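Only one structure is covered here, and it is reproduced in the block below.
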Amino acid sequence: MQEIEKKEHKPLIVAFCCNWCSYAGADLAGSSRLSYPANVKIIRVPCSCRVNPIFILKAFQRGADGVILCGCHPGDCHYSTGNFHTRRRMGILFSLLNYFGIEKERTRIEWVSAAEGQKFSLVMNDFAKTICSLGENRRLEDLRCKKN
Amino acid sequence: MLKIDISSLPLLYEKIASLYPLVLPIKKANEVNYDKYSNGAEVSLFTLKTNKSPKDMFFPQTEDLMKFKVDGQKIEIIDTRKEAQPFVVMGVKACDYKAFEVLDRVFLVDPIDTYYKTKREAGIIITLACDRPEESCFCKAFNIDASSPLGDITTWKVGDKLFWKANTQKGKDLTEKIKDLFTEGDEKTVEKAKQEITETISKLPFSNIDVNALSKDEMLDTFKSDKWSKLSEACLGCGTCTFVCPTCQCFDIREFNANDKIMRFRCWDSCMYKDFTKTAGGQPRPTQMQRFRQRFMHKLVYYPENNDGLYSCVGCGRCVKKCPSHLNIVKVIKAFGGEKK
Amino acid sequence: MQRIGVFICHCGTNIAATVDVERVTEAVKKEPYVVFAQNYQYMCSENGQQLIKTAIRENKLTGVVVCSCSPRMHEATFRKTAEEAGLNPYLVEIANIREQCSWIHKDIEEATEKAIVLARTAIAKLTLNKPLIAGETGVTKRALIIGGGIAGIQAALDIADAGYEVDIVEKRPTIGGRMAQLDKTFPTLDCAACILTPKMVDCAQNEKINMFTYSEIEEVKGFVGNFKVKIRKKARYVDEKKCTGCGVCMANCPSKKGLNEFNMDLNNRPAIYIPFAQAIPNVAVIDPEQCLKLKTGKCGLCQMKCGAGAIDYTQKDEIVEREYGAIVVATGFRPIKLDNFNEYGYADNKDVITSLELERLMNAAGPTKGTLLRPSDLTHPKVITFIQCVGSRDVSGCGKPYCSKICCMYTAKHAMLIREKYPDTEVHVFYIDVRTPGKNYDEFYRRAVEQYNVDYIKGMVGKVYNENGKLMVQGSNLLDNEQITIPSDLVVLATAIEPDPSVRDIATKLTISIDTNNFLTEAHAKLKPVECATAGVFLAGVCQGPKDVPETVSQASAAASKVIGLLAKDKLKGNPCVSHCDENTCIGCSQCEQVCPYGAITYEEKEFRIGGGKTEKRRVACVNPAVCQGCGACTVTCPSGAMDIHGFSFEQINKEIEAICKR
Amino acid sequence: MEKEFEALIPQVCVITDIRKDTPDVKTFRVVALDGKKPFIHKPGQCAMLSIPGVGEALFSITSSPTQTEYVEFSIKKCGCVTEMLHSFEVGQQITVRGPYGRCFPVDTVFKGKDMLFIAGGIGLAPLRSVINYIRDNRKDYGKVAIVYGSRSADDLVDYKEIIDEWQKEKDFDVYLTIDREQEGWTGHVGFVPNYVKEVNIPNTYTAVLCGPPIMIKFTLQGLLELGFEKKNIYTTLELRMKCGIGKCGRCNVGGKYVCKDGPVFCMTELDELPDEY
Amino acid sequence: MQEKLESLMQELALKKIASGEVDRVLAWKKGESYFDVSPAIFKESFDGFTYNAFCGANLSKFLVEETKKEGKVLVFLKPCDTYSFNQLLSEHRINREKVYVVGIECQGKLDINKVYAKGIDGILDIEETDSELKIKTIYGDKTVKKDEVFSVKCETCKSKKLVVFDEKIVLNEMKDNKEKRFDIVEKLESMTEEERFAFWQAELSKCIRCNACRNVCPACTCTNCVFDNNKSGIAGKANADSFEEKLYHIIRAFHVAGRCTDCGECSRVCPQGIPLHLINRKIIKDMNTNYGEYQAGETVTPLNPIVDFKKDDVEANTVVGGKK
């Protein structure tokens, strides 16, 4: 038992949140005191469509174990069409990553509105749980970024 | 002269690998390259041309030079050089072996490149005589005898046997440690095989190349020749030729910002890349023709000029096979008259 | 060398209770470029801000990180603080250690760790921040109003009153819109025409107002303050300047079988017509679909009879190009089509009518000259049944899920008016709920019930069918819990309203968003109800959501005040966090242009030096910073990486990722 | 194992002084961590400075070998490394390796000669080393003439040193010029190549040129017109360099590696090289 | 037949040059042997002009630079090359007015490496018939059926339609083979995540980062690639860690998504035989399945699936790369 505890890897999750909906949703989760794991770290972007696939790969390279994108619900984008683009791009990217054998569950996209603090917290808890069960990201790691 | 059944080679690999790391042509995902032997690896020793040359073993495509830790205004340098452990490279062909001499003349002249030197000293090279040269081979043009390469140990494949001969002390020491796998071999069989190979080589389509016939014009005339633009017109500017070449040694020094340190490493670079010589201030070789010319001028003119006439090409033919546009040094040599009349 | 100051807010105990602010302060001091770190009770307070200002001055800070609440809360505050201390406001970054940290984590250790990471990330980003200066653009001092209904008219008058030029573009031949069709208005029962027509006349007479009736929007380019709009003036075949509105042409027109749109198709009009007597402009228009001259070439009567010589059969559509600083969209509504509601028998029975048709039937200028006669046999209906919520609050998919908002009140109005004028008439109203919030609204409804004895039945109507010339209205009375059938002479459907279909096209041209019900989306449901996400475009009236006249008028005035506020500025300050293109890298592939929701990207052929004294012409993307809103869609689409965005640059986000992942 | 010296591994040095020479040129004084001069060099040689995480770049050493306390680099802001260097404050550590390259032939060819130094802008940096070397070994050399020009008075690097020291030196003629008229400037106005012709230095001098390519081109023309011989004209080349030890192949021009065989070249040598610098 | 085609092409080229209609001709030139063909510009001399089963190179990308020069160029494009040409037109990379496009017949191109793989080496000469290669080697004569040595891109030819041309030379019917286009992709999809990972790890670990795939790719016409641009944060030349190759190929595939015409040049030129086209083809397959059939380059349109969208697109999480 003890050994298992020692080996337990604390996953790191990078969440990209759009400024208008999901970041506000996260704020609401905060002001509603709805907790989610501390290893979820949020990066604010103007719109989910600002998230370049390079950012996602970079996060994995640097040691993230899961990457989640949050944006306004389709149709509610502050910039009217941004998240529609995100949806396609990420559909293609996530599928491609999976095609390369990277676990599908490591990448996720969720639509969280400014009013959905509850959802934000639920999503993050769920995602963190999923990543925990997947364990450390080994298939898209960069050994140079590991501690030694 | 020793010999071993080709069918027993797996035993030999195991045995050597139990003593030293063993590197030899291994087939992975359908392609043969030099790779570290491990149990279960698909060894393809007799593949004539590995995609990459064995220069990788001494001058790796990417090599850490040092690390830095930065703390405020302070910098700490961490030397990452390791004491090189002996290792064995097996199956090196005559051309690739000759290429080490070309590299030595770059890395081992003052100031000595210790990264290269330590590996070069630690490496035990087992060469393999060619038994079935291909149409892209033209090592003979550079006076390389594919039938009897040098190295610490030379091997020949004759029929179902591999003949083994140690040339140097390093080679002899290794042989000593594994000699129970061998039986005594007959020198004459090898001699006969050598003759056959030499004969085959003379039949190769490129056997008419004669670098001595290369026009002995003034260097600058060759440089200014209008042939270059025609020769290079299909060049894509990729680095395939340079990266498969056993003698190309251009490198870049770059840094990687890892999480807790900065790693400075060097990696192969190619004079064919457009950013190779580019600076904020300008670009001395702005066109692909100039970059193409630089590569071949370097191989056929500049390098020999600095190295007692030794060409920086060993006729391995990899660029002939691999260039996406089928441009290669043979065409250049021929364009400048390097053909037997 | 950069000099960064980090300020950690306790937010009373909101942060300090779970985050060890002292430890965060010590930790950030070790980060590169940080020369100053301090924590304080309330950073956003006067004292806290003063502290920041002092530190900026004393330590010559080149950047500030505030670890506090969400940037959505106080980013603007701290930017202003920095600016007051002489630091570019965009050299301020916020680390959100309240909403994203102290409020959601209980464990002090964990929360402190995270706060440090968040601070580190903000510092990392800040090292790449560039001072940004908001660009300025001029403002064309003229507004465009799309739609000439009461919303458009009110907005136009308000804006004109402030001294700015206004253009109204109305697709119909006259302004006035739906309100002109109404008979009386609730809750005061004054005549719609009496209160509307003076406003219409004002519009016509106001020097500042320019009307483009019978015109449509062809193309919209540009951006807030600088819109360039092409207006298509459809051919009227009547010279507006010459026509006196005498009506001789109408009398002489032989083709009289056109449906009168103004009267909800309840009667006919000639091919050349003036929609109604008080039309503004009072100018005739020829319906080309109906006009014999235009269709067959034979006729020309009107031209012969016209004393003013205003008729011109050769007239063509004309495109006018105008510039505007702001745009108000007031495209209004129409009643929904009732194709999905066979149960009410609207298509089969002439005497099942919509409320708007009833308005016309009751109007003195309507087809029956104001006498309430039922359409089938022009007799006076004795029993009238109103059915409410026809197509409204309908989640079955046949109608609209929303409440059309005006039906309860106008039904009460109709019922009351009928009972007033024809006391012998029996009036029944089927309703689901009666919603009458609004000043004097409930009183109005109660008058209908109490004073005029209108029979309100809570329940839905299942079917309306014709039995021996009587319309049988079968419904349920929920209060008495019984099925009832009311034989009626006239059935009036309180039909749901929907945005005018032209709004879709307008929305596309203006790049403003539309919700699932085709209503235009305001920038914020509560705080920006008349603004659009697209700067410089404002909403008025039902195009944004169901509204009655008073509400429409107030929204129109609100939109007008926003427009006036905008036009009053000589320069507009833009958001500097916008895209920009590295022209040396751009290959002109046009992908970014495709994804830009604002049309902010255009392409230009530019001359570039390529070395050796030579130049090369290349097609490169150019971003109009005044139009760009900074979403970043282009940055990801760009394959060459030429597109980047200030404030959220490639390098900045990369740096943030690196900082977050550092363990 | 005692690790062998590796030319690619730098030493950590520290910046002990930063002097702002012009709006975009700063001179950095650098010593090793032990406070001593990091290496012994010859005039005209270069060294590789680097800021880990930012990059490495080659700079000519501006201080004279006769300066035994420290080395100095005059650096113009023009790229990411230089920009970073400019933002540094005293006490900052950087890494240094070198010296690299061939120096000016101060102990052979230049000995006993009359010297003409022509520099434009930051081109004075490598020459300052030679000039000061000559000052410190005055008896070994003949007369010295210096023609130095820049865009404006503010852009004249080391102006104070020139005024205070060089101009006062015996047998030193210093000619300063700026490209355009400027308030407060009483000296010569005009481009360097023209000024060189105007001051009319005897063609028996040995000339050393350093500056932007366009200046070199026209000055060289001018010198040849004045009857200077190519074998008496020297210049320095600047190319993209990475390793500094003639191995990485980047600065290869003809058979030469600029980092190893240069950067100092005699004009006669350059004539034999392909025109790719 | 091959010779007939070749001579017709040459005739046309000569005619167009003689009439002054075009200034030069972009075609293939024979080098040291039958299969040694390079793209080349012909102007005065047509020495070495050739068109045979080894003329696999897609000439469309050369036009980006060619059309910047003076004068009009005549180019021979195979059916799949015409798609690239159209795509480049969509991206404003080629000046159409400066090109005279001659669409030519293609019965599938061959891969000399597949000949080698059959154990045939020391090749001196090759004679091509309609269905076979007669190969003379120093180790004896061999015969190989053409359809056994089709280059990867031609094994599953997506289309033999010439989508753009000013003139065409087609003597025989051409057959595509698009039914099998996604077979290997599907096979990979049916593997488990772990197997797929192992497959790609093995393939990509061979990558030597020579950039041949990028430099040959007609969709990669950036003058300043993100991998060369230090500002991008991912600039790199080294395959320093297994991550780098993945990053390189994923980002490259993503950057050409929607613009890749599936011409297969990347796989043809890879010196390490990495089936790079399978990456792009997966994206094409995903886009076809989820966002509607689309073939880049079929028409000149800048609107491709990656810049387009529908309001009711499938959710990104539901698009999967294959089996769990």
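By letter and in written order, the chains are A, B, C, D and E; residue numbering begins at 1 in each of them.
Everything below uses one rule, namely that a contact is a pair of C-beta atoms (placed from the backbone, for glycine too) under 8 Å apart; a residue touches a chain by one contact, two chains touch by 3 or more.
Note that the structure is a prediction, hence the values are computed from the model and not measured.
In terms of the stated touch criterion, the partners common to chain B and chain E are A, C, listed by label.
With C-D and B-C as the two chain pairs, more C-beta contacts join B-C. Most remote chain with respect to chain C, judged by CA-atom centres, is B.
Mean C-alpha position of chain A lies 53 Å from that of chain D.
Chain B and chain D have Cα centroids separated by 39 Å. Chain A and chain E have Cα centroids lying 36 Å from one another. Chain geometry summary: the mean Cα position of chain A and that of chain B are 45 Å apart. Shown for chain D are the residues in touch with two or more other chains, namely 89, 92. Counting only residues that touch two or more partner chains, chain A has 53-54, 58, 62-63, 75, 81, 85, 89, 144-145, 147.
Annotation for chain B: residues touching 2 or more other chains are 70, 252, 256-257, 259-260, 269. The set of touching chain pairs reads A-B, A-C, A-E, B-C, B-D, B-E, C-D, C-E, using the touch definition from the header. On the side of chain B, the complex with chain A involves touching residues 256, 258-260, 263. In the complex of the two chains, the chain C residues touching chain A come out as 70-73, 96, 98-101, 103-107, 110-111, 113-114, 117-118, 121, 511-513, 515-516, 533, 577, 595, 597-598, 629-633, 635-637, 645, 647-648, 650, 653-654, 656-658, 660-663.
Touching chain D in their complex are the following residues of chain C: 1-2. Residues 30, 32, 610-612, 658, 661-663 of chain C touch chain B in their complex. If you check the complex, the residues on chain E that touch chain A are 188-189, 193-201, 226, 232-234, 240-244, 246-247, 250-251, 253-254, 257, 279, 282-283, 286-287, 290-291, 305-311, 313-322, 324.
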